[in-house]
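First up is the structure itself, then whatever we jot down about it.
Just so it is clear, A, B, C, D, E and F label the chains in written order, and each chain counts residues from 1 on its own.
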Amino acid sequence: MADILAHYSEHKEALYSSVLADILDSLGCRTSALPPDVRPLRSEWKLLGRAATLSAAPVDAEPKDAYAVELECIDHLQPGDVLVASTQGDRKSALWGELLSTAARAHGAVGAVLDGFTRDAARILAMDFPVFAAGFSPLDSKGRLDGMNHGRPITIGSCTIRPGDWIFADIDGVVCIPAEQAETVFLRALEKVTGENRVRAELARGRSAREVFKEFGIL
Amino acid sequence: MADILAHYSEHKEALYSSVLADILDSLGCRTSALPPDVRPLRSEWKLLGRAATLSAAPVDAEPKDAYAVELECIDHLQPGDVLVASTQGDRKSALWGELLSTAARAHGAVGAVLDGFTRDAARILAMDFPVFAAGFSPLDSKGRLDGMNHGRPITIGSCTIRPGDWIFADIDGVVCIPAEQAETVFLRALEKVTGENRVRAELARGRSAREVFKEFGIL
Amino acid sequence: MADILAHYSEHKEALYSSVLADILDSLGCRTSALPPDVRPLRSEWKLLGRAATLSAAPVDAEPKDAYAVELECIDHLQPGDVLVASTQGDRKSALWGELLSTAARAHGAVGAVLDGFTRDAARILAMDFPVFAAGFSPLDSKGRLDGMNHGRPITIGSCTIRPGDWIFADIDGVVCIPAEQAETVFLRALEKVTGENRVRAELARGRSAREVFKEFGIL
Amino acid sequence: MADILAHYSEHKEALYSSVLADILDSLGCRTSALPPDVRPLRSEWKLLGRAATLSAAPVDAEPKDAYAVELECIDHLQPGDVLVASTQGDRKSALWGELLSTAARAHGAVGAVLDGFTRDAARILAMDFPVFAAGFSPLDSKGRLDGMNHGRPITIGSCTIRPGDWIFADIDGVVCIPAEQAETVFLRALEKVTGENRVRAELARGRSAREVFKEFGIL
Amino acid sequence: MADILAHYSEHKEALYSSVLADILDSLGCRTSALPPDVRPLRSEWKLLGRAATLSAAPVDAEPKDAYAVELECIDHLQPGDVLVASTQGDRKSALWGELLSTAARAHGAVGAVLDGFTRDAARILAMDFPVFAAGFSPLDSKGRLDGMNHGRPITIGSCTIRPGDWIFADIDGVVCIPAEQAETVFLRALEKVTGENRVRAELARGRSAREVFKEFGIL
Amino acid sequence: MADILAHYSEHKEALYSSVLADILDSLGCRTSALPPDVRPLRSEWKLLGRAATLSAAPVDAEPKDAYAVELECIDHLQPGDVLVASTQGDRKSALWGELLSTAARAHGAVGAVLDGFTRDAARILAMDFPVFAAGFSPLDSKGRLDGMNHGRPITIGSCTIRPGDWIFADIDGVVCIPAEQAETVFLRALEKVTGENRVRAELARGRSAREVFKEFGIL
């Protein structure tokens, strides 16, 4: 594992979310992707790290201890972590923002992914801290969204993310790779990238798509 | 007021929609933001001005006097105005376009915000005229949307905008600041920006997020 | 026809989807635009070509002959074609991707339009191959979406596209121009562009929008 | 025509919306049905009459002359009419209610169909006046919805209804039969009902569905 | 107040949600109705009582103390209360069911209203305990929805409900009457019912709707 | 198994979908329910049988062999089967109707469940053949929906149904019980019904809900 993942920054460039999803499909894991409205703030960003999970929920009123769970979660982040937050698909306020990004990065986190909204997007872009979110709101979460717990499995759409799973995110979306399958998945994905390069070359010179698919079995 | 707002272009750079929404929240005004699907055509745009309102509605057929209310509204625009149009969330055609942008700018308007669609986006971008809209359509509004009245309060999502209210819009969204609260809101927002700068510095050097929040009470 | 369309690349620059939609409106064709969620991956792209149609549908399980119809469709593409695919608005996986883009371009296609998702967006952008899609997913279509037939009329939203119709797509959206009306539509659209230029100049110098509209009848 | 439609109450019992939609399909009219959320308040109701159209739209504020178009439309109703109202799919208030039902019935109308909400449903049920609506709201339309015009074609979903078209509505939904096709449609529908009776008998005694369909071509 | 509300069961029969909403509109309270998808399980039910509020939220995992807040809320119910629960519009499981209905009734509650789902609908109907909900699910809330607090103001759609407000619900929907306005609202509503009876009689005998509205100003 | 299920009609009366979902939850199967918009045409219906699956998909045009897969599926139905059809959530036409109900019943099927629309609802109600569907349309499926295959696993919402699984449906919704767990599930569900009866009695006499839950652990 160390061989493969220690140097993940180089694999990050060689890989992409779609090839990882293909390998997970082939292993019977067909719900590997987060919902398609979770998008990068900057389309060039690629993100790879271990999931640190946060579960939040919409609320009707300000709780006694606003932000308590969120802040505790931030303070538990480890180098290489990707904070992955469920907001139950909330569309009323922004769970994430620039100060949380600053704190997360200071603890070593490499990015954040959430099924809700972010704010302070201009400064997050200026920080070049990869955030993948479902949209934007100027409204703070206080009295609108509250942290429930962190460090437990969460479900976003039909994808379950457990702490320690690997998250790979790019312009095509966000894929969760179960920790115990990571080595297999990354190895096979690198192999498939090579295969795709050959297919691409064949197709680019005008060969019949049917023939090429018949020969290589890759699309 | 004049002291604060006359030179709004400099404050525009120092401020952002999220800090304004926070101040409005603290004053009990928790529906200050337009719906999150109202987005800038160019994410770098910031917009600040006084609301001039237009109310439009989807229609089944071409009215006798197509565009009449829209054109009258344009001709009443004053320097510094932001045209804010309600289309009742229409998704069938574009109320806004390049020629209206040209006319609005010629009357001194600094931007336009609508809960419906725009068209001619390429030329609006070339004009660098800040338009915030819910999407794009090549279809004209004639026979699909019609102006009902202008210069009266409108409601978009749960936010009510009255003529003369202040509109601040950026990548995070669009905030409406009631005219009578503007001075308070802008002053407090500038103060909060200063406080956030200190918090950011503390967080960036790796202090516990809980401790920093406990000390400054800002997030 | 040849005079007008043979040199379409120059007309492509002079034209835009909104003026084409206006001419089609004036001819009684008011459902000329695809749904507004079909967006260009790069907002600067303009696309003009003849429709080659593909009909796909969401499925529960992997069919015997995955990709068969899609590949056959690709192999039938002709120079100047725009592949237009219906997925019945599927939001579960990506019908389109980089290898299909490569194969389509190798057969002479100038772009692709679909009411579903694409993947491999980074490499499609790098290819500069204009794809207009409703979003992104890392998930492959195998066992999720399947080609039903190609070369037959398809319906996307309220717009019917027949093979051979002309497709014009830009930042404002995608317009379908029925083949038999293309000559009329393109000629009138070029005329309207000229009229709009005059209106723009009048509006830009601050004349009343009502007066200018009264004089020119163009908006 | 008179022979067929004068005695429509007896045909009303023999017919149903699905067989009428089948005949319209066979004549190439495939958008004959209103959207499926337009439902009868009482599932046993059947409604047949000539369309009298009303176009309404959501508004931001109370107009000068609230209800004016609605009341004028009611006062123009003729015996046998079905009031068909478009609200642009409004979901904020009820265009229809008991007093309008009372007035409409007093003018001879046999029912009402709208793509928006009704209120006073208990008393409309007590009146046994067939109303087909998209739901219920206790909120009045004043300042929320306003009549735009009446007696002009309207479009609900993908179905266009012109004054004088025939409306047939039952538990399965609402079908619009263009006036000029009504005689053909009603005659063929009665014939198809007869054919279906034979097919039903064959199927009920356990014959292979494929065989029966092969023999009769009806499903 | 006692005179009016002590005998509310008789007023309940004379009143209906739409007339109460009209009076609230006339007092400037235009967000008095819950969203239209909150429907009675039995359309004949009418419900009147004082709001006892419960706030729940969707969660990713089973909390330590499942049901704790819900049960505490039930045990605090007083005779004449209507339990009003916010679930943040959850559509994944049923917050409400037969056993909670049984317990609520045993504590004197007269009904329950929620913006989420119920289950055990057959037995709730058999109990004749008025429940107004947004739908049905066989799935229990445990690990899907959790109580956050009770006895505090909640917001459902654009309507805020405070403990002690009056709830009136019938086939047209659910209206919240602020406690301090209740006496005025009920009195005026009873008056308006009388006025409507006269208008109905005038309309039923075929008078022009415009004339009747001009004379009585009621619709 | 035979002991339990052979006499399922009596268990059908004793059981309900919510108690079955609770047992499945307790066994770790938390996606046992179909989406909540799949509703019985008659709310009193209860349905229990073995799943026979059909997969259909929306299409753009009439296929060569309309209805072929549907009819073949019907002809393969066995006594005690429940036809469960996926339409990919189609909302454009009705897959199901009276003639298919007639044929299905003649082959011994006890009901039908689909995530799309039905038509001929009046006659299906008259037949008393339990159909659970997502709504109604008068439009036939021909050229709108087509059968893809039958007798293979299908997925509706997040619930996967395999041929031979047990389907239990009532007013609360539709639950799928995997064949290999059926004996356990039905036995435990009958036990839980007994427990609930005791809890209900305790609650009905006004005991604290918290105490009763503490004592019995059932809600």
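Side notes on the structure shown:
In the analysis below, a contact is a pair of C-beta atoms (placed from the backbone, for glycine too) under 8 Å apart; a residue touches a chain by one contact, two chains touch by 3 or more.
Note that the coordinates shown come from a computational prediction; the quantities given were computed from them, not determined experimentally.
By the residue-number overlap criterion, the interface of chain A with chain B counts as different, with under half of its numbers used by both chains. Chain A and chain F have CA centres that are 36 Å apart. Rounded to a whole number, the gap between the C-alpha centres of chain B and chain D is 41 angstrom. With centres set at the average Cα position, the gap from chain D to chain E is 31 Å. Chain F has no residue in contact with two or more other chains.
If each chain is drawn as a node and touching chains are joined, the picture fits none of the line, ring, star or complete shapes.
Looking at which chains touch one another, you get A-B, A-C, A-E, B-C, B-D, C-F, D-E, D-F, E-F.
Touching chain A in their complex are the following residues of chain C: 67-68, 71-72, 74-75, 91, 94, 97-100, 102-103, 105-107, 117, 119-123, 135-140, 142-143.
Per the touch definition, chain A reaches chain E in the complex via residues 55, 57-61, 63, 86, 88, 90, 146, 148-149, 152-155. Residue ranges on chain A touching chain C, taken from their complex, read 16-18, 20-22, 25, 30, 32-33, 36-37, 39, 43-44, 170-175, 196, 199-200, 203-210, 212-213, 218-219.
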